[in-house]
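Shared chain: chain A. Partners: chain B in the first complex, chain C in the second.
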Partner chain A sequence: MDRSSNLLDEALGLDDYQTKSSSVASGRVVLIEDCVETSGAFVLHHLIKRSLTPHSSGIVIFVAFAQPFSHYDRVLRKMGCNLVVQRDNKRFLFFDMLTLECPDGDGGKTNEGGLLELYGKIHEAVEICALSEDNRNCITIMIDDISLMEVAANGSSNHVLDFLHYCYTLTTQFGCLLVSLNHEDIYSSMEGPTLILQMEYLADIMIKAEPLATGLATDVHGQLTILNQGISDGLGNSRNKLRNFHFKVKENSVDYFYPGTRG
Partner chain B sequence: MAESICRALRDGALDGEHAPALTIKDSIDSPFGPDVFNHILTQVSANILAGKSQSRGLVLVAFSRSPSFYHNLLKSRGHDVSSSHNWLRVLDCYTDPLGWKDRLIERGSITNLSPETSVTVNLCKDVRNLDNLFSSILELGKGLVGQRKNRFSVAIDSVTEMLRHASISAVASLLSNLRSHDQVSCEFWLLHSDLHEIRATAVLEYMSSMLATIEPMTRPPTNGQIGNSENLSLLDQNSKRGKLHVRFKRRNGRVRLMCEEFCVEQSGIKFTSISSEDGLITQSLVPKVQFNLQLSEKERVDRAKVVLPFEHQGNGKSIQIYDGRRSLDESTTEIKSVSAEKLQTNEDSGKGEIIYYRDSDDEMPDSDEDPDDDLDI
Partner chain C sequence: MLVHQETQGLFLVLYQVQYRLKMINLSVRDTEQEKDLRIAWQYKKYFGEHQQNFEYQRNGKPEYCNDFDLRKPLERHFLSGQCIDCISLQDSPNLATLNDRCSTFLAQLPRCDGNVMCAGRIAIQSFCAPQCEYSNMDWNMLSFIRSLKGMIRSSNAVAILTFPPSVVSSSFSKRLQHLADTLLSVRAIPDEDKELAKLLTGYQDMVGLLNLHKVARINTQVPVILEATTFSIKLLKRRSLVLECLNQAPVDASSGTSYATSGSCSGSSKTGTLDF
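Let's turn to the complex of A and B:
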């Protein structure tokens, strides 16, 4: 794994993550949208690895609704990042929410109680990280994934949005980066306002993982479209806001390339 | 046009009338509502600071952005933030809208670490209670301008957030109570239209005297992949620019529509009057046709010089209007007189003339008879 920046980092504005202060990325909301045909989980893995590089002092708070710790550990180990060690170093804080259910009367009056508890834990963790060492200024909160959180909240998207709003306040208060994954196609048949639309309004950076328009291909696994809103790199010139490129997920890394530049 | 909105907000309310209210409405295809809102917010603040507007202060109800964001925004636009306690109050519904943090602080699991700002901020810990919200807005406004006849403006940065926590009827009554309050000069709010039912959007539109709708330059097709090339170019086009449609409703019921283009840049949003063909439609209603319907100046002069046949020439003779019923003798003399006139007028060469000769006496005078009467079909 080379540490040089790739197309994804460039599009996210993370290419100069280590050299400059992390102000480019902090305080922003990243939304990853994927679908059944093309999973966007590799973007999450990439961001975990990116935040935990030895050069930076970033901290990841990972809220897992989808997979157990061992899953992420296995994936990241192949990418050259040991999550167990990082967890022991208190740089990777893992919240196992696989069994979170928010039934009535458990920890709160309504099913918002469970999410309130969760928020409390996250806030506490962020506060401890922000206060303990001053140079650890980039805290990334990741949620995998929102649709399962909605299930845990008994299908109440309003409670999920409340939770997300509170996480959003952390981005302004502590300069956290909030990354969440959601599936676009499960809302496609719904009428009226959907959770994913609300999240798109909230997001500064939207990453969409889709299959190729032309169908299946062996060398290309899908395409990423990244819409980066209202960014500035501090020098007064804004970046290209919209990027589209193809990717190929390999055993221990992912290739990103512009359409037509590969075999 | 964005200026005319700001002018209307600046001029404020008349006695015995509701305050002017503006709805800013966007959708995900062109999500620049916050940019337009911030633009109007800074303009309104500038007018208050310069003492030009009816209102003396501004109450900002912050749902979707933190008070410190607005602090930085006003500072970056060169406003005097240090004196903001004289003219600005922020009701913070952003930091702790449901009182979660409050509960956690009580339990001792977190500490209160609200960022310091120099703007005066009041925290609202339960946005679901709109009665409290209403009275806090009024309280803040009265704290700014005093109890007398002075007025203040109200800005709400997301009615969408309000509607998530309360019913449309409750929100509508809050907005309408504010509008009809004696001390409110103007009111404006932002709404993401695609997050609500059409009914809810319509209710808010009815309540506002101005409606600013933000639309994409080209509307993308409703469903389908984002990643195909046509959609990408559309998306690219719409990611920086858009159109602003504004509807002004006058007191007498007159409605004026205007349209403007905007471009979002780093320094803020820039408005330009419309350049495309759509603009022509609003300027004149004449459709585009291939032939010329207009006359040039020369053509107009020449047309004026044409002497129409049988028109009174103003040369002393009695007025003769041809009714098509004269006898042959009369018509021949008439022809003579007309030709004589023609000779006369030839000297004045610039004058046009139409001479009519009746072909023969067989030609029937005009009648109301149907010429196809004898047609046997």
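Let's turn to the complex of A and C:
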């Protein structure tokens, strides 16, 4: 397994693979933003793999609105991570939400019903995982993706936001890491406090995947901008760290490099 | 309008293409241009380079791949159309009826391993156009497409959807574009544009341009970067439609009119007539 650190890991504070901090510091909220031209799904895959490294005892709770299990399994398998085995070992808990439909108010249930039920399941899973001392502080909740959760909630972004706030409480209560993906371009033409703005407010780390201004290229698939907020310098001060670099996505890994450093 | 064929899969007359992709989202300004659309993408080269992407059947587990040949010609007998079914939604109060029809149809085409002999196709034209009864029900439409996509993932079927982006909000359009696995756009080119006529060879014969924005990324995280994403659309004797690459590379400068050979999707020895 490739244990070398890369620019993404460094930006996320994961640069030391030898320590136990193979996942992003617990209790934080990570938001991945992408657009039609450039998908940010590879960052999710990377974080799944990091959370499930053999020498850690991390657990991933994955809420999938975008793809079936087989897709993630096949992608991660090429990266050297077998999700079927991890699922059998109860380290990868997969919630297939592809067909989740939150019922209308007519049926006596609110739109929130489906999401509340989902949160109940996540909460229960987190509680069970947290009972084991080994797993404490190593639970990662991932949501792929929030825009489809909105569709499932029939457009009620308030219910989605409520759901995210509930999940946010898990980050403080159980030290979970919350990672979610959303598409920024959906909201770029909207005015007012959009869902993505609220998510940015909640996030400690924002990862933005964008295309290059110069268009598509085979050597560079896009650029990542990472804003890591509230990093402690050990003296009681906190600061923000902004990183920007290019990437090229491959089947088994992703190359990260600074602009102009590729021949 | 939904058109489907009950036996040999599903085929829409507007698109004479065999797609191996799950959902095609095509924004259309001039529906006339859709006639006899024949798409010829330069996919063959990818088969040599990316053989390592293919997964073979191991331990009885299903094989899969993530490289698809969109140029593979569809044999005529698949198009003879024994049971093409057109349904109208004029009388249904909501999209549940359409959803049920799609569900019933796709239930006949469960995802199975091995050689696929039958593929379903669902084609929906101008879904969000003002004359569509549900055009003011954004979330219902998105919910339906999401549901359709979920059903398609578990069946041997493809859905092609067209929508006019100019009549929907930018936000809604982006949502649709994200839902699509493969995204194309078609636009007309203006008549008697002298500037454009100087730039484009064969301008007089062109009726429009086709842009390829996104290619499906199923079972892989690697984006497909094509050499060319813009094609000119020409009609030949009003009978066949030709796509020609505008941004031609010096070496591979052949026109995209026709391809005699066909690549197969999977690296498997079991090469089927239809790939899934």
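Assume the second predicted complex is superposed on the first by the 239 of 263 C-alpha atoms of A that agree within 3 Å, B and C clash if a C-alpha of one lies under 4 Å from a C-alpha of the other, contacts with A are read in each partner's own complex, and residues count from 1 in each chain.
Here is the rule we go by: a contact is a pair of C-beta atoms (placed from the backbone, for glycine too) under 8 Å apart; a residue touches a chain by one contact, two chains touch by 3 or more.
From a predicted model like this one, the values you see are computed outputs, not experimental measurements.
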Looking at the overlay, what does A:Thr172 touch: chain B (first), chain C (second), both, or neither?
first
In the overlay, answer first, second, both or neither for which of chain B and chain C A:Asn89 touches.
neither
Classify the contacts of A:Tyr201 with the two partner chains as first (chain B alone), second (chain C alone), both, or neither.
first
For A:Asp162, is the partner it touches chain B (first), chain C (second), both, or none of the two (neither)?
first
Considering only touches as defined above, state whether A:Ser132 meets chain B (first), chain C (second), both or neither.
neither
Figure out whether A:Phe42 sits in contact with chain B (first) or chain C (second), or with both, or with neither.
second
Enumerate the residues of chain A that count as touching chain B in its complex and touching chain C in the other.
188
Parts of chain B lying in touch with chain A, wherever the complex brings them together
28, 31, 66, 68-69, 94-98, 100-101, 103-104, 107, 109-111, 113-115, 160, 164, 192, 194-197, 223, 225-228, 232, 235-236, 239-240, 264-266
Residue set of chain A touching chain B in the complex reads 112, 116, 119-120, 123-124, 127, 158, 161-162, 165-166, 169, 172-173, 188, 192-193, 197-198, 200-201, 208, 210, 212-213, 223, 225, 227, 229-230, 232, 236-238, 241-242, 244
Quick one: in the complex, what on chain A touches chain C?
36-39, 41-42, 45, 68, 70-71, 74-75, 78, 98-99, 101, 147-148, 151-152, 154-155, 183, 185-190, 216-218, 221, 249-251
Quick check: in the complex, which residue numbers of chain C touch chain A?
52-53, 55, 64, 66, 138-140, 142-143, 146-147, 150, 153-154, 169-171, 174-175, 177-179, 183, 213-214, 217-223, 225, 229
